[in-house]
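Going in written order, the chains are labelled A, B, C and D, and every chain counts its residues from 1.
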Amino acid sequence: MRVTVWNENRHEKKNPEVAKIYPNGIHGAIASFLEEKGFEASTATLDEPEHGLTDEVLEKTDVLVWWGHLAHDEVSDQIVEKVHERVLKGMGLVVLHSGHFSKIFKKLMGTSCDLKWREADEKERLWVVDPSHPIAEGVDQFIELEKEEMYGEHFDIPTPDQLVFVSWFEGGEVFRSGCTYQRGNGKIFYFRPGHESYPTYHHPDIQKVIANGVKFVQPVKRDYPIYGNAQPLETISNKPE
Amino acid sequence: MRVTVWNENRHEKKNPEVAKIYPNGIHGAIASFLEEKGFEASTATLDEPEHGLTDEVLEKTDVLVWWGHLAHDEVSDQIVEKVHERVLKGMGLVVLHSGHFSKIFKKLMGTSCDLKWREADEKERLWVVDPSHPIAEGVDQFIELEKEEMYGEHFDIPTPDQLVFVSWFEGGEVFRSGCTYQRGNGKIFYFRPGHESYPTYHHPDIQKVIANGVKFVQPVKRDYPIYGNAQPLETISNKPE
Amino acid sequence: MRVTVWNENRHEKKNPEVAKIYPNGIHGAIASFLEEKGFEASTATLDEPEHGLTDEVLEKTDVLVWWGHLAHDEVSDQIVEKVHERVLKGMGLVVLHSGHFSKIFKKLMGTSCDLKWREADEKERLWVVDPSHPIAEGVDQFIELEKEEMYGEHFDIPTPDQLVFVSWFEGGEVFRSGCTYQRGNGKIFYFRPGHESYPTYHHPDIQKVIANGVKFVQPVKRDYPIYGNAQPLETISNKPE
Amino acid sequence: MRVTVWNENRHEKKNPEVAKIYPNGIHGAIASFLEEKGFEASTATLDEPEHGLTDEVLEKTDVLVWWGHLAHDEVSDQIVEKVHERVLKGMGLVVLHSGHFSKIFKKLMGTSCDLKWREADEKERLWVVDPSHPIAEGVDQFIELEKEEMYGEHFDIPTPDQLVFVSWFEGGEVFRSGCTYQRGNGKIFYFRPGHESYPTYHHPDIQKVIANGVKFVQPVKRDYPIYGNAQPLETISNKPE
């Protein structure tokens, strides 16, 4: 399975604190642990030509992982269209943290994708609410992150097809943290944690969940459905006038 | 709409603290605010003959509200069968708090309905996660209860058809607190709050949600589906051998 | 409840056969039976200024009914944006038949909304698959339409929150014909039947379902959620460094 | 993965026509193609001691496939309890055709599981309504069975977590033919086709779907959740009175 990890890669360039946590960028960190877990992973970033998402790259991508925050508006609408079409055709998509506000996620959801947030070094607990789900494989009752940015409800997303994690935050909020969706032939997994100023993507359980998510959204091998004008059963086409 | 509020009514008899909070029983308190809100409400309790749920009572009940805790096992299997059949035929069911372990709820869910719990006077916040849902009508972003028993995930229920509330608890847990289900012609609403030692059912927002829930699960006026051996379209029955 | 019935109103102008079936337009026919059923209904059409959907009209609309087919592209993006925002803020939306390809429905769904189709005067049976749903109130086991356009799977929509009807067609296809969705504070009901060359909207059961649908998607009375930077519980804000 | 294929194996003994189609029983046919597809498959039947489902067998079964029809009532309640507990603990369950009326399926669903039926050698088309689902992998737009028993809506099951197939029948009915459910740590797949008098389980696409289903419901490797009285976060347990 070929995974492309996309990152806007701006915090890493602007903020030395972030660069210290993710010396190879958030994309580099994610691609690296995915490689370790046996996936074929490469990266793409905003400032590359076509944001690194050329037709060639998209065509050979089975699963696209997306992290963005500061520069959602700089992502070209044309690339968003292409990614959207690829998802409907079967490419898996894993959207992380502030990617909730990316053009591609909003386009696939049809909602504002807005939420509450707070940067206050709060403890987060991601509780497993569907223990039968393959994305929760190998995860204990909950994942505890000592410090994270808070995201709180209401999270303006369509009702998830499957809800895997619900987060608890010290300051009094909850959040639907792990959600799956089906769109056309494609599957989407949204996973909340991963603020740039915390070492969240170095946490072994977070890595496990992202790897499980990548596996879960992998494309199903089948033709794209046929749409448009359709022939009836012969019994109908032969019916007397 | 005729509502029957069922309560095992044992804590109220055994524990003066509970009797002080609910002098007319939990059933009395709930029936009373439902009456105030315009429903025709009556009550039934465990120690009445047939637990107060005679054929006559069940037949004229549009929505049954259920509270039980200490004495789930004392509810007769025969009555549970009758209530189950009435739900499939269209009667609405609102299950409150420790009713999660009642025979009727477990039978309708098909799971253990187990959960975590703790009695520690914790703050609870019930967050609205589906603001489009009629059960959340008139409710602010969340309902805050100063002190309640904690119920925590994993809550062993089938994936809810609709998830309306998620609770946050001071001690670190979350809980799917407001869940709806469809079973046959009937609808079910499970609502978490209401430990007997707190005045939860006197809280105006809790009363509002229970009233909304009663309205939501009211029976749809239609015939019960026809099952069994079925006739085909005439075009098929006339087809030449 | 104030309902606005929107129609592109082109078939009626171009095709005398359609005008004969719907002398006051499809919008006129729908508004008329909704009025009879007690709703306050008005109409709006494509060729009116702002397509008849001025800010004033949208603001006082509780539920918008949408029929379009030939001229989806002529609907201005700006109006679509406004309708989209109104839905997220709570306005109900009922999308009929070929409205599956309207800009507003595709934007809310996030998918292509493509399907199979055939104009062959086929019998359609809309089977009720959720007898507990208020949209199916008063409807028999199925609704039979002697002749309709066929719409067949795969229908490229997100998994419906609730599936109420599944259609059977003479020529061998099935279709998810009655689907509900939640988006923000708003609710959506898609209902398949209603090709312009058949008197479908004069059928009493179809009228009943559309009226039920309008009632179902009516706005819930509550404030729009608060998004953005949020304050924590005082226990957190006071915690010692 | 170890699969146990359970069959009541009565039609095969009583009816030479069925025995001709399935000389090794329906269980034998299914186990055989699963073996060919790389699963470790064994069989169990009603008339064996403990119906072939001893504690030892159940413990080592990852996925149980269930076919029953004539003798649901002869299945011991004690065995049903054990299978139920195993499903909640994570064992996958694939229920086939008339298994909809088995004690174990009804117990897991909480409904009557009733439906319409007709034996009239009708054509069935199973349409894929979720092309992103792994159970539909390798399947064309639909599977066509020349002759099958008809099952029609309303099918009295809880709303499926995922709906993969919808059947079309010549005589005018539709049916939710491929449904998945989550119960505790376990997953369930119900798949409609397979009347004993037709060679349905020799059809390559049906075999593909059953194999996909077995893979889909395989247990997730994780501990069973902890239920009961729970400790709070230390911040709570230390809070001043």
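Brief remarks on what is shown
In this text, a contact is a pair of C-beta atoms (placed from the backbone, for glycine too) under 8 Å apart; a residue touches a chain by one contact, two chains touch by 3 or more.
Chain labels with UniProt names: A, B, C, D = Trehalose utilization protein ThuA.
Since the structure is predicted, the reported quantities are computational estimates derived from the model, not experimental observations.
Using mean Cα coordinates as chain centres, the one most removed from subunit D is C. Rounded to a whole number, the gap between the C-alpha centres of subunit C and subunit D is 36 angstrom.
Subunit A and subunit C have Cα centroids lying 30 Å from one another.
Each chain gets one centre point, the mean of its Cα atoms, and the points for subunit A and subunit D are 32 Å apart.
Counting partner chains per residue, subunit C has residues 128, 130-131, 141, 152-154, 159, 161-162, 170, 172-173, 182-184, 225-226, 233 touching two or more of them.
In terms of which chains touch, the assembly is arranged so that all chains touch all other chains. Listed in rising order, the residues of subunit B touching subunit A in the complex are 125, 127-131, 141, 152-155, 159, 162-163, 166-169, 172-174, 176. Partner subunit D is touched in their complex by these residues of subunit B: 88, 107-112, 114-118, 120, 122, 150, 152-154, 156, 158-159, 161, 170-173, 181-184, 225-233, 236-237.
By the touch criterion stated above, subunit C contacts subunit B in their complex at residues 90, 123, 128, 130-134, 136-141, 161-162, 170, 182-187, 220-226, 233, 235.
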